[in-house]
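Heads up, there are several structures right after this.
First subunit A sits with subunit B, and in the next complex the same chain sits with subunit C.
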Partner chain A sequence: MPQKIVKSKIIFEGEIVETIGEVSTEEYERWGANENLKVVGKPVSRIDGYDKVSGSAVYTFDKILQRMVYARTLRSPLPHAKIKRIDISKALKVNGILDVITFQNTEDIDWYWNSSKLFDPHLRYQGDEIACAAAETAELAEQALKLIEVDYDELPFAVNTKKALESDPEKLTGFKKPDLFTYDRGDFSKGISESDESVEDTFTTPVVIHNPTEVHCSTVAWDGGKLTVWDSTQAIFSVRNAVADSLKININDVRVIKKYMGGGFGSKLEAGKYTVMAALLARRLGRPVKIYLDRREMNLAVGNRPDSHQTLKVWGKRDGTITAMSYKSFGAVGAYPQGAAANWPFRTMYKCPNIKVEDQNVFINAGRARAFRAPGHVQGVFALDSIIDDFAYKIGMDPIDLRLKNYAEVDQVFNVPYTSKLLKEAYSAGAQAINWDLRNKIPGSGNGVIKRGIGMASQIWWGGGGPPAHAMLKLERGGYLTVISGTQDIGTGTYTILAQVAAEILEIPMEKIEVILGDTGVGPYAPSSGGSQTIASVAPAVRDASEKMKSKLISAAAAIMEIPEDKIKYNNGEIESIEDPAKKLSIADILKELREESLLMNGSREANPDGYTTNSFGAQFADVSVDTETGKITVNKIAAAHDIGRPMNQKTLENQFHGGILQGLSYALMEERVIDESTGQVVNLNMHDYKIPTVKDVPKIEIIIVSKSDDLVNNVGAKGIGEPAIIPTAGAIANAVYNAIGVRIKSLPITPDKVLNAIYKFN
Partner chain B sequence: MQMIAIEFNLNGILVKAEVNPGVRLIDFLRDEYGLTGTKEGCGIGECGACTIILDGKAVNSCLILACQIDGKEILTIEGLANSGELHRLQENFLKKGAVQCGFCTPGMIISAYSLLLLNPNPAEQEIREAIAGNLCRCTGYKQIISAIEESIVVNIEND
Partner chain C sequence: MREFNFTNPSTLDEASKILKTSDSSSALLAGGTDLLSLIKHEIIDPENLVNIKNLNGFDKIVYRKGEGLKLGALVRISDIAEHQIIKDKFTVLSDAASVIASPQLRNMGTIGGNLCQRPRCWYYREEFDCIRKGGDICYAYLGKNKYHCIVGGGPCYIVHPSDTAVALTALDAKVTIYSNGDYKSIPIQEFFILPEVNYLKENVLEPGEIVTEIFIPEPKADVKSKYIKFMERNAWDFAVVSVASVMNLSNGKISSGKLAWGGVAPVPWQEEQLNQKMSGLSIDDNSVEEFSKSLFENSEPLEHNEYKLILAKNLTKRIIKEIAAD
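Let's turn to the complex of A and B:
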């Protein structure tokens, strides 16, 4: 079988990951445009749609087991403290309260890359785990938490990133200051000497919270020494490994299942402490345990998009050629190791031979950062595309012309070409959709109280996926097909798209295809669902398996009909003799003849092409109105033009883009975690105070896909779409606001008070 | 604790139960009847995931106690389909791609159902108003609005 173990490079959430894995070496004919296809690319309805609209879909939060008990978690009320004394005896006396675990009665389990423990008596942020109680009901478990007595040694803290940067980090968390990240390219002083003009500014972005609608939760059950974990996760294999390592049990003694989940956006990309706590309690009690976080905990303890304080400077010639750029930023990772860097777009988006980058992660006494839909890029593009616009206006150039003037034909970090790049096409399609010519040639030059403006920003992301990623097919009696893979559908439509790929190749109707994902006990390995890599990694594995299944069916038909294989063709899900088309077999006939209940086939993702890098590209354009008396911003329209390779399903694509753009809009205008600096307490811990957008915040949105397929990236031609959708929205809105009022707001979210202050100061 | 006896109509069936006075309606429906289509997103009336119909009106079941429903009529998402056949709203949510992760979907459909009960021919603004208390973090709402618009026919009660 043409399979091989190869070294491959993939970029996941901004990290370059070298993998050695099994790949398919089969080369398949490229599909061409979607118009040539029957199922892929069509607006096929979700195959899991019935379950979801009927209310019968069982999410992790809905998992109810016999004899199940409930667990809730006690969290630090203080931003920084050490536990002096903890007493759980009162809690344990109440009828119905079954168990309480703390650092005192559990083994040490390493957490956060060995920087801390599952229960660490050194509490580094408001929300750090102190104890976990199990009881017959969730209310009783919560009552238990209130009865736990804790005395604290309060310690100095900082929740303001700038102040934390100026303090001794070891006093705040006990951790050393993270190393400064630096990157240099070219001859910086030469770049400066070649320039005629320069612009410089500092941009800040807030901490924002994922807030998926389903809270983080697990239900766990032991059966002898075997543990089954239902978890609301984007990464079943990561959870399996973390749970097995934590409990020091074999990996194949842990099975992680996730069928349906209510969103994640990155917050569910890693194993949670709560899952391990539930497993410990379940083992001690001999009963299944359901554990969940409430909305307050969701806003404290399961990650966030870190803030950023980015100072950018651009030097260039009067003709628009950028000759040098510098970038200096810092951002808070929270109280435990994580990354907060936002400089990737700066290094690659626009052509510039001479650049300098410094990026500093900072520990503060607040919830730890986590990947959040296009980590780094959302912050980075806002700052980068703001300063690029400033430079364009300074030299009197159309902002799109400036971007075209500095168009990067190759990836400047790796110095290799892209598998595809249709950013120019995105610029022109988006400009047309928004009526680019109607923008104010001089920002702020419109008349009246309500001022209108148009702005845009560019997008770059990875999302080409890569190996290892595997899929299995099971073809059964009657011609029914099951596609099995160890990836997971986090709501994006993976179930449906994988079925479409198999349906395309094997020409089996969608109704006869079942897809099983999200079960480490069943599916072969496939990557976690993050980085917009799921479809670009797994769909090619499904195509590989389907093509091989097709060959198997042809060889079976040859044996049955006693015709050589080369005299047989596969036609519309039937296998027929070329010479005598009356002679044919259906898939069901073949299975019957073979007396097999099932035919099996494995498939794998091929290696990524050597000498290329894969990125998705795009541009979003915003049309806004700013009320200069109230400061209120109304987004009239967002036009989004993107190059994402092949669109696999028009319906799920629209969902992804609309949802991503709305998240980007609220990042630009509404969302922000607020902490009281004197107490270290987060003040907006519910969805009333932490605003996520409602239906009333939705602008007009136009989605234009400028790509048909990326034939180099993989055998289905797809690049990921989940993250591209959110990346340029805030930058486009910020530039549109500038175009409307002629004053730049350099800090997100752009709230009415900031608008009024800026206008007032300017006049 | 003194249990309270209640009698109510649940998705068309008359049921009797004894409830603990402190139990929330959402837990009662989910834990006693396995009606887990009613979701919990916040527990404090902010997300709309737990929306059900109580005597013809959409309410947040996380804010109501089970003992308050004595003598009343409850409709949950599971009661909307008729012998396996989806209600027009459910059909259109599917067809229009108004579902992504699906966690907000039952609450969203129930809010839309209640709107159409009271106002069979709503304008887009009224649709937006009716689902403004239902948060969706995935879809961007556009397809949800079109699914509801697509479901408008006068005389929904004849369905």
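Let's turn to the complex of A and C:
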């Protein structure tokens, strides 16, 4: 049987997950380099490109149903309070208001892993949900919310992570102080005794907000006892499960659909309270409900990248051998349980036998952290690659040579080899693309008002994907193929790449392939789209199904043409007799002969290889100019060289790298959630005060992929690229700024005021 | 946002009367680039919106040689940015207009609205009951004040957000105001007011008064001018600090000059004694450096905005040198 249930290991957003799941046991010949292929790897335009560009694509936010009503949410204006009294009577008198739900008139529904409720009268941050109103229009719902009277017992709060660390956490949120994370390797004191030099510094990173283009939103509709949810989500099955559990209905009575999405970046990996509130209102009203968050709510209440306060120390020999490293950090998870650790790159990126790690999560009275494009890694690499550069400059070594000197050949945490690691190749390609030799050998030694600098940082991430992940094929009259899977395209090009894989194997033109994703009602299970695992999980399942469909077509042709299967070959989408090529059948002919309207085939992701870790690697190089009179940093160029296995589609790959690099540039130079400490309220909740780059801030970007394929990881050789794209950008820019001005800015974002303060205090 | 009356007066007098009779709960609508967001965010709550976009005759740019330039209050920012005579003779103004916000906003926004725009202070814009909204305190004073003023502050610490206002200050423009059936013209320096005079508004306009025209006198022959705006990103941002300068040069010296700054004070900032000091200033590194050191002697930076002092001095040096080199 080519299918089997096995135990397999995947790493998702830093968590090692052991799964028992159904896998394909078929082994397929590896494809070799993309030059051997016809469709995969080519710069194929998105199959949904026209619909999206023309505006005819229907995103979740565009979903409108007959008799639909609108729901909006009342949120806590205070950072910490208990609701003393709530009165919705005036709100219910607004013309056009239909319903208002609060903790008083709904059942208890557990939330945040049972630490709180859907409506919890204990409000732990500015933005916590108090009530939800449904009305004929969104504006009327908003008007009603303003008439809800709430009396609060105001409670002590802390929004500053350092201060919260020194406070009693139970007084801030009611939760116990999270356990300290520790990790030790080797003989730390021996490592120190072997060293000649050491460097130590503290680096801080801000809380930043995902701010996807499409806001969080759902449209929900009941049909009898069955609920359909259109949600802007990265995880249709997670939403289905959370909604079914919350409403205590059968899982298969909930159908979650997400067709197109305007970004998530991790903020849409969990089911949102808003979806369940909409479902409750829809059930009470007997009408479909559309709920959405506005941009202000997006900046308050759908998660963030936690801050970090990382103190790193590196000991090493004068020849560059690192002998010991220590790491101590804390970061704010916000007001509800979540992780804020940033130490993973520290433990694995560079070779070091003796290390010590302490990482403390801290509760504060502000929006909860969530996974955000490479959790922990973006902040971790900034600090790690800064201190590594400091060590290189201290011992007078080329920063790349230092990294090569301490190159980790194996995964140091699990002590197993990597399925592939082409980081050396990435260093060399990136260095060439940025003109590494033009960097200042002595940081800050350039002349003039505008000082130029070059810096780099390394990247490590998982992204090998894994089972369970399934796909179905439906081949229909005329040779039209539909690929169906329970994954979702979150804007990255999944629709297109899965079609390419089927087109490659079955040699069916792309125009004849339709892809249906993002529907729990029709798609077999595939994992949530996070952790850069979508393509590495699902594309192999599509290949498995396609290869099996090909065998089925050959056997059908054998029966129709009355030729043994071994005398038949599959050629360019047609099935022909090897001995008499004139005898052949198209896929359409076969379906016609079989008098079938469709041929079906399932496929599954194979198990991950035992005894290996799959990681992607890379390095980004930044060329910056710093105006020493204004503090303005201009990024002239980013060269990104990465080992990501097989590039599946050159166009969507470059798209995703551009997006990641810009998000990284923004993190390095602009973004920061700012909270007024006297009131606990966020001051920058709009897209003017919360700054992201404009098109005029975009540097030249060069993408170099140093890998052809990772043949051990899966049958298509792909590793994910979503997270690798952003991981080293900020670290590279920070090192380039240091190289330019000779003063290290240790706190992100590196804004002009920090640069000026540093330069003028230094001089 | 609550309901409001939308009125389309056909004459200036009619507009003025609606504004006056309904007192402070009326707002004037011209380009509308900020007014609707002020209403939506409940920073203002007008009963009447008085649309003056349809009034005739206020959207003209008229230049008369020897006299000067007249800009109707409804002239669009993009028209100023692209006007050839303004580019040639009033460069500082076209410079300033061309770096405002984004092309879409420049196409909608008017010069009158740009001068009368409300502050961008994040406490003012967010849900804080701050002093400018009738509350008791300025949260920025002891709070997150990186973008706030370094001179002229107290009891409120906003900076004035207009770019054109800074350019027009350096150009010694006059603002024409329709008031009680008549027109009056005042120097732009008197149009804007400090918080110590009135912290609830940014200019002298009383209910019923409407800015109708900006007049810029003919500049001296061979005048050179420029505007430098420092933003944290390269488009769609307000000035952290900006500087406008108009000067005449002869023999490597400034024979006469004017400077004005944005982003440093609650009004476009100008110091008359600095303008006088500029006369006779040699354009060499040492003299310009010395001059820049004398800027803002009365500044009182807050916890997070001392860098603005460095920035303003450096931009001032830069603008003098760049004008001299042009």
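Some observations on this one:
Quick note on the criterion: the second predicted complex is superposed on the first by the 762 of 763 C-alpha atoms of A that agree within 3 Å, B and C clash if a C-alpha of one lies under 4 Å from a C-alpha of the other, contacts with A are read in each partner's own complex, and residues count from 1 in each chain.
Note that a residue touches a chain if its C-beta (ideal position, glycine included) is under 8 Å from a C-beta of that chain, and two chains touch if they have at least 3 such contacts.
Every value quoted in this text rests on a predicted model; they were computed, and no experiment measured them.
With subunit A as the common reference for superposition, the partners subunit B and subunit C occupy compatible, non-clashing space.
Within the superposed three-chain model, A:Asn686 lies in touch with subunit B and with subunit C [touch as defined at top]. Judged by the number of subunit A residues each one touches, B leads among subunit B and subunit C. With both structures placed on the common chain, the touch criterion links A:Thr694 to subunit B and to subunit C.
Applying the stated contact rule after C-alpha superposition, one finds that A:Ser45 touches subunit B and leaves subunit C untouched. Touch criterion not met for A:Gly32: it reaches neither subunit B nor subunit C.
Of the two partner chains, neither subunit B nor subunit C is touched by A:Gly611.
When the two complexes are overlaid on their common chain A, residue A:His658 makes contact with subunit B while staying clear of subunit C. Of the two partner chains, both subunit B and subunit C are touched by A:Glu139. In the superposed model, A:Thr630 lies in contact with subunit C only, and not with subunit B.
When the shared chain is aligned, no partner comes close enough to touch A:Gly96: not subunit B, not subunit C.
Between subunit B and subunit C, the minimal CA-CA distance in the chain A superposition rounds to 5 Å. The residues of subunit A shared by its contacts with subunit B and with subunit C are 139, 686, 688, 694-696. Against subunit A, the residues of subunit B that register as touching in their complex are 22, 30-31, 34-44, 46-47, 49, 76-78, 80-81, 86, 90-91, 93-95, 97, 99-106, 109, 128, 131-145. Touching subunit A in their complex are the following residues of subunit C: 1-2, 120, 122-123, 125-128, 139, 142-144, 146, 230, 232-238, 240, 304-307, 310-311, 314-315, 317-318. Put simply, subunit A touches subunit B in their complex at residues 43, 45-46, 48-59, 61-62, 64, 139, 211-215, 260-263, 265, 294-295, 490-493, 651-652, 654-663, 686-688, 692, 694-696, 698, 701.
The part of subunit A that touches subunit C in the complex is made up of residues 77, 139, 142-143, 629-632, 670, 674, 676-679, 681-686, 688-689, 691, 693-697, 751-753, 756-757, 760.
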